[in-house]
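You will see two complexes here that share chain A, one where it goes with chain B and one where it goes with chain C.
== the complex of A and B ==
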């Protein structure tokens, strides 16, 4: 219901250039669409200067009173409130009118974050959009914006949001597969795309095995994957720790070829553990 | 609820802190859309910087000096104001803007924190000068929508536009 009211007010704005407001010798439009032609009627006789001033533009014309002053397409294109002063031989006349954004979305300002994140996070990708017309005026009438996030597998998350004061936002989960996701915002004929790089998450189900290798013990993990099955990239560090009484020795080993592997001197009876970041793996009590 | 209270109180503090010659400022509780919380300090900074931008544009349009916009405006808002100043200068005109009252409400804080939107029901006086000759003052009441983005040490106005028909 509220949405309908918004659209109704938007439609009312659309016909506003047809309405006029009269103030003494001046007949002004109530609103003019950005870039559209418009006219201002004057009454009386003689010469005068007509000023139209806003924060986006200023226009000054010499006019013959009693004539309608026509302004061609493209005269006023910056949306906002404009004051009008008609200065002739007699008392000056004044008034004001609005220039409203042109119809049709021409440009989207799209802020998408982050550009890189782990897979499988809830509401971790956000997008905010501002909609503009062809003259870079913020389109303040409610406008539907559709957001779509699609992963390498082609599965997409979609949502349509109606702008409020020209802005709309959404949030999506990062997908389960690593790779480059396309994050697209569409409104009217305008479309903007961002790429979100999704990388594997933390290791999941980290396990290792131990076997004697001469005087040392060879420790090796199983292929390391995140909880969605994506291989954790080489270079991530896995920490092996051997504890015996108060003695502790550790080794930080980068993943290579999908696994981490090292030979360590380990006493009989030591407790060996493996971890990566905040993720703990299994433990092994080393016995001869 | 707590956040609304903070911002409401901030508005009272702002109004009380302003000198008599300054415009009166009322800050409405924020009605934020978006998941990002707005800290009281951020809200106060944004509003202070926004009010400062009115002072800047007033002096810049009075003196026809677009460089005075640099500190407070950026992007399209700065381009449009600078263009207005160039048009004024070419026509031998200048404009004096004096803001009288502000009724400000923050309405959007983007999720990544890189933009913020507020509305302001502002009352101001406009006086045109043609080759130094003053035209009659005109009082305007309009609701503005303003988008600001953070710069190094302050928020700058990126979009500055009156809403139609109020």
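== the complex of A and C ==
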């Protein structure tokens, strides 16, 4: 809600000059930078109470009419519209002014998705940035944000996007090489880094061999790699199936050290197959 | 006031008298349950002998049950107890014998064959085991011989363990909004089919862990009417292997009791996955899985624990396909014996008779549970 209100006021203000507005006995600034010192001039004579109320902040001061009231640095820091009321012996007077985000990006909220994805996918990595000033006000003025995605090989994808209403986003391809990618967003002096884990895709060219090992048959795959040549990580399940007539023996075997291996009791003439997920490998007819 | 005191005194005296009588001369059934007296009828027939044995087992009177056996010299009482409840922790360890049935198979003047079917109540539901007992006449009564299931002993050995394990570190409480979390595992439904059964609608399917990390999974389905209104929502409960290693596939079955498929316009499927610490072991091999035709259609086979780790409970899930490769049924069985390393353990999954003729192939998966450990 606060953001919506801010969008509305921010759009109207843009980079409006910080001029003053006259309202009866009150001379108000049109806009104040968040955290900056400012002053409000009053006219007349006598004592009065000055109220400034905005989003999440209220300031109350006893003032001598006819004098300028100075507010030090850091008095108002939440961007938004503020209402000023001067309550003296006469009818109260009121006016409005805006507090706009401070200059200079101080903080980025960087959402990088997904944290883990297979290699070689088009526009699969998304980065979205929200820019904030030192007081955590969303900076709605257009601000250039540079994104950089660099893989383990060092090759980087770069793009600069100008924010719209405080947000900028982009998409990158996942590279062909597995590993931890650095995804960095920079705006002004602010920089934020995320890590994207690129993991191998489905096994490619899954093959196994079979050899007798005592009473059993030792089934072993060749080193398992994806279609980009990345080794498939240990722990992925490879399913060995041996069919003989109506009988079937199966084993779900996790890859260890890059290969899957198991000893199974297999009858002569059995058809042995290997698969991982939805990827089928070769078949072997087991003969003595 | 005086009457009340008299009544209270009379009640106290009567209670004391009854306690004394009950202690000095208890009724026979109380003596039996206190383990003092055998109230069971005499084993004058083979059936009565086996029935008495069943009663003693259900009461946990192991010594009496063992004493009633004709072949007790062939094994110890401990072996007899372990044969029934298991040596290692398993589903039977905390089970109670709910009921039993005795059926004569064959009888002559001096011996008989009787079938004893034991219905156990386990934490995961009923479990049934059947033993065929040889019963012999011993003097004026009959005594059963217990067919001890002599399991091969695993030789003492040291098995090197080099298993894979995944642990998960979640974002800490101090992490700010927008800070990167860890992606939930990517899973996808690779097959789904609704089936109308007499008891309601059943949704059959298969789920694949498409990621490189293990996942805890479940599947929820919502039946929607032809106007898009939600009719019912159910999940796969235990008819699924909940922990999936990378690239592992599990079948799932979702029951909608009393629902009719004709009133369903669409079905919304919601697979759920979350990161979970897991171990890649134990590897359990399924050997000699065989489809047995009707009557009593079933899938039978043997489980072989290929690791050095004892599996306390194994859950076998069978997916049955027709000739075109479409899923026609999913059945399961919990193994009520611990799986010892390199020791085969039989399993049997029943297939509904009306579907058995459509089944032409199957795929079996096993999920394992270790007491005191993770799934």
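Structure notes:
Criterion: the second predicted complex is superposed on the first by the 232 of 288 C-alpha atoms of A that agree within 3 Å, B and C clash if a C-alpha of one lies under 4 Å from a C-alpha of the other, contacts with A are read in each partner's own complex, and residues count from 1 in each chain.
Note that in this section a contact is a pair of C-beta atoms (placed from the backbone, for glycine too) under 8 Å apart; a residue touches a chain by one contact, two chains touch by 3 or more.
Computed from a predicted structure; not experimentally measured.
Looking at the shared chain after the overlay, A:31 reaches chain B, while chain C stays out of its contact range. Contact with both chain B and chain C is seen for A:111 once the two complexes are overlaid on the shared chain. After overlaying the two complexes on the shared chain, residue contacts for A:246 are found with chain C alone; chain B is out of touch. When both complexes are overlaid on chain A, the residue A:164 reaches chain B alone and has no touch with chain C. By the touch criterion defined above, A:195 reaches chain C but does not reach chain B. Contacts of A:233 after superposition on the shared chain: chain C is touched, whereas chain B is not. When the two structures are aligned on the shared chain, A:276 is found in touch with chain C, with no touch to chain B.
In the superposition on chain A, A:254 contacts chain C only, with no contact to chain B. The interface of chain A with chain B overlaps its interface with chain C at residues 111, 113, 130.
Interface of chain C with chain A (complex): residues 162, 164, 166, 176-178, 180-183, 190, 208-214, 245-249, 280-281, 283-291, 301, 306, 362-365. By the touch criterion stated above, chain B contacts chain A in their complex at residues 33-35, 57, 61, 76, 80-81, 83-84, 87-88, 91, 93, 95, 97, 107-108, 110-112, 114-115, 117, 119, 126, 128, 130, 135-136, 138, 140, 142, 145, 147, 159-165. Contact residues on chain A toward chain C in their complex (touch as defined above): 109-117, 130, 194-195, 199-200, 202, 233-238, 246-254, 256, 262, 264-265, 276-278. Remark: chain A residues 13, 16, 30-31, 49, 51, 53-60, 78-81, 83, 85, 87, 92, 94, 96, 98, 100, 111, 113, 123, 126-128, 130, 136-138, 140, 164-167, 169, 171 touch chain B in the complex.
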